[in-house]
Amino acid sequence: MTPTKLADLLEGLDVVLSGPGDVEITGLATCREAGPGDLTLLSDAKLVAKLTEREFAAVVTNAELAEKLEDCGRPLAVTDDPKGLFTTLAARLRPQRPRREIGVSKAAEMHPTAVIGPDTNIHPRATVGPHVTIGRGCEIYPGVVVGAGCVIGDGVVLHPGVVLYEDVTLGDRVVVHANAVLGADGFGYELKEGRHERLPHFGTVRIEADVEIGAGTTVDRAMFGETVIGEGTKIDNLVMIAHNDRIGRHNILVGQCGLAGSVTTGDYAVIAGHSGIADHVTLGAQSVVASMSGVHRDVPAGEVWGGTPAIPMDEMKKVIFNWKKAGETRAEVKRLTREVAELKAELAAAKSTEDDGPADPRVAA
Amino acid sequence: MTPTKLADLLEGLDVVLSGPGDVEITGLATCREAGPGDLTLLSDAKLVAKLTEREFAAVVTNAELAEKLEDCGRPLAVTDDPKGLFTTLAARLRPQRPRREIGVSKAAEMHPTAVIGPDTNIHPRATVGPHVTIGRGCEIYPGVVVGAGCVIGDGVVLHPGVVLYEDVTLGDRVVVHANAVLGADGFGYELKEGRHERLPHFGTVRIEADVEIGAGTTVDRAMFGETVIGEGTKIDNLVMIAHNDRIGRHNILVGQCGLAGSVTTGDYAVIAGHSGIADHVTLGAQSVVASMSGVHRDVPAGEVWGGTPAIPMDEMKKVIFNWKKAGETRAEVKRLTREVAELKAELAAAKSTEDDGPADPRVAA
Amino acid sequence: MTPTKLADLLEGLDVVLSGPGDVEITGLATCREAGPGDLTLLSDAKLVAKLTEREFAAVVTNAELAEKLEDCGRPLAVTDDPKGLFTTLAARLRPQRPRREIGVSKAAEMHPTAVIGPDTNIHPRATVGPHVTIGRGCEIYPGVVVGAGCVIGDGVVLHPGVVLYEDVTLGDRVVVHANAVLGADGFGYELKEGRHERLPHFGTVRIEADVEIGAGTTVDRAMFGETVIGEGTKIDNLVMIAHNDRIGRHNILVGQCGLAGSVTTGDYAVIAGHSGIADHVTLGAQSVVASMSGVHRDVPAGEVWGGTPAIPMDEMKKVIFNWKKAGETRAEVKRLTREVAELKAELAAAKSTEDDGPADPRVAA
């Protein structure tokens, strides 16, 4: 970015500047990553030490944390809402491009039965199939394919290469990132005479309002009924949601996690990265699955589980502690074995003294 | 769907209806997921209890299971093949869209040397490269790219966004789901003077008949020779098959599993979700790898392995049992240590009495 | 391939042929996979046994290894650099297709502000957005989408379906395989009044020279600043790189591994398949993470870590050894418990004899 004087950057904002305003800012960075020329952010007392290790040009913070930075020798921009100010400054420094007004491009492949709302961009090379309905203010990027019968709400963004199979429903303000696939047939077969016969998938996929779906993620259609992603749920990249899953509202599904068929989750559940959930499992509301875990049983509401097979995280921590102690335990068992043998021998010797003869005929010779 | 009377839905089918036929059906659902208005299915005695917990409008079942549902107060549609009937009803309720007759679209990008069979649809915005052969009755959806020299059999379906690099071969009736990639270069490098130099990949990919490949899955081309997916094998979403793998016939590869290079599998092998197979490993015929497992050694035919590093599942279950008991074992070792110390002291005391003097000067005071 | 006589194949190359030159070669294969008609390669003494199990037509090897193959009865092509010769022969047998001269296709969707270098192919159905710069000698395949403001160096290859969001930078000779996605928004939200609010991502992605990125892989843009992939790093398929990661130079990231946000790696780090790295972790230069591992702590330079939670591999091997011994340990503890009880009883009995009465008043009653 073009270097900008700190005072110019803060112009007109509700902020108290302590220190020189003519410092040149060349970038923004979090306090863990700040380097020379960067304006950085301190909004968490735990990160003071991290920040003082870094080079930076100036820092946005609040009054309380500003006291801890008095000796840092760099200008402080002090405000009640440092994160909010930082985001405002980011937008000043690197303004988003204005939205292009494309409308329905002539280079898009539109089926004549499709109905498109006002103020919606269908970019060149997008494909919209028969009997599709798309709402107002949507952005349908190049390479997107919207299958027959899909129903798309208002303010929806489908990034390049997104594929919707037939009859998928998207609520308002849904965002789907590039190359994600919604509505492919679920993975269901029946073995007949030595061959896996596909089970027909008559169901669909319904994505509720304000859901965001990451790049390359796949959500399969139900065999009967619907695969559902609940309102406000956020799904990261390369996640797999299988047929007949019913994800609750406001869940967080982190990158590369995978859910087998007919999984149900309550509201505000969290599944961390790379974890797998077995079929027909239920994750309770506000439950958390730790990363790299394999869950084979239901997780009660509010609990944190982890490991493979997953158990409550408190128990898992003990298991892990005991893994590391197992060598020590084995050494102690060896020592005890030796000591017990010695005790036996001593006792036998004592008895033998007592009896004026060996207690154990085996040691008599 | 439009509500339909149960009797109308069953019209003309070989089924015995017990109960009123004028119940309105508004959907189909499995017995774990049925709700009000749903026609559901009971074909497994183990699921009777699940079903009785749910609301539903009517149930398809067989004569034997019908007896267990006598008191459920809902109409029963009784048949010898409940699953088959259910599928027939699903097709009645939600008929598949008729296939569109497109032929070779003028909006597709066809190389003049490509040869396309009769009754094949090449949708707008598909790309077919030089010297490609495509059979009859295929469906090549928008956004598909078929690289130079590919040979595609009859009845093949390539869903939107599928990419075939050069010289990939697909057998008859292969189905590839959206955004899957077949034939990218394998991940092979040689470190020369501090830089990873790409090893050229002269090989190809051959997919045999009746294989199905999931959305977002990748199958890399061989360095020399072929990466092969055997006849009838089914591969789920986001699976990775590396260079020179040779997958047997009728395998099941579940979502997000990954196979490193030169893996070989026998016929009817199963790899469950999220598992990884190390390079050069062989999985025997009818072997099973449990979910979330990491396999570093060959798995004999017919065996079930799991865990990381994977071992036979029976052994793994014992390992897991012992994980959980490790805390208990440690507590017992502590107790034994204490008891052995006490025994030692007692024995010493006993000896000292015997000798008219303390055996251990430390306990003399 | 067309069968070719071995002598014809070797024509003009610096190689000593021992054995008949009229053997017909029908393919090339590594020595683990060779079959009838194949010319194979032996460059590693450890593989002699593997080779002798296989059928093959002839073998490329060096003088030292040739001695071990004297009795194999097949022609030997002997050279100082068997691997190099084998690659040369592969190129002779299956010559790469000549590059097509396309230039900027009229069927590509080019924004008028885009600047394209000489000798670059923009294939039909590629999309290049506003203010994009692309260097010379690039290959931009069908279905690629290059977002506004992207800057692409010389000799770059973007395979079909690759998506670059806005303002992504690619160095010279970068190769991105099909359907990979660079620059999607990172997965960052803040919970406000029960809803996950997206944190704006003002940052970008910078890919340095000679990086290769696998099919279906995703690299998210930074919240502020840049997500960086260092020079010469090679990334396999279906890998996930999150916002603000800073990957060093010449790393190897194997298939389906995933890095959470703000991960840093030194030069020459290796992350094996399916592993996950937690956010803010640092992997030192030349460190190695074993496959299927979950790393939650920093890995020092040069160390090999594995397991979940990952620890140094040497320790992990002991942990795994002790897992398997845990049943044995439990059995020994049971035996010790029994033996200690017997000793106690014996000692009590001995005392009682000695005292003509019970040694322990507690057992007197």
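So that you can tell them apart, the chains are marked A, B and C in the order they are listed, and the count of residues begins at 1 in each.
Basically, contacts are C-beta pairs under 8 Å (C-beta built on N, C-alpha and C of every residue); 3 or more make two chains touch, one makes a residue touch a chain.
Everything numeric in this text was worked out from a predicted model, so none of it was measured.
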item	value
Graph class of chain-chain contacts, one of line, ring, star, complete, other	complete
Chain C against chain A, contact positions shared by both copies (same if over half, else different)	different
Distance from the mean Cα position of chain C to that of chain A, given in whole angstrom	22
Multi-chain contact sites of chain B, meaning residues that touch two or more partners	125, 143, 161, 179, 216, 238, 256, 274, 308, 323, 326, 329, 333, 336, 340, 343, 347, 350, 354
In the complex, chain C residues that touch chain A	109, 125, 127, 130, 143, 145, 148-149, 161, 163, 165-166, 179, 181, 184-185, 187, 189, 194-196, 198-200, 202, 216, 218, 220, 223-225, 238, 240, 242, 244, 246, 256, 258, 260, 262, 274, 276, 278, 280, 294, 308-309, 311, 315, 318-319, 322-323, 325-326, 329, 332-333, 336, 339-340, 343, 346-347, 350, 353-354
Touching residues (chain side chain A, partner chain C) in the complex	27-30, 32-33, 38, 87, 90-91, 93-94, 97, 100, 107, 123-125, 141-143, 159-161, 177-179, 210, 212, 214-216, 232, 234, 236-238, 250, 252, 254-256, 273-274, 291-292, 307-308, 320, 323-324, 326-327, 329-330, 333, 336-337, 340, 343-344, 347, 350-351, 354
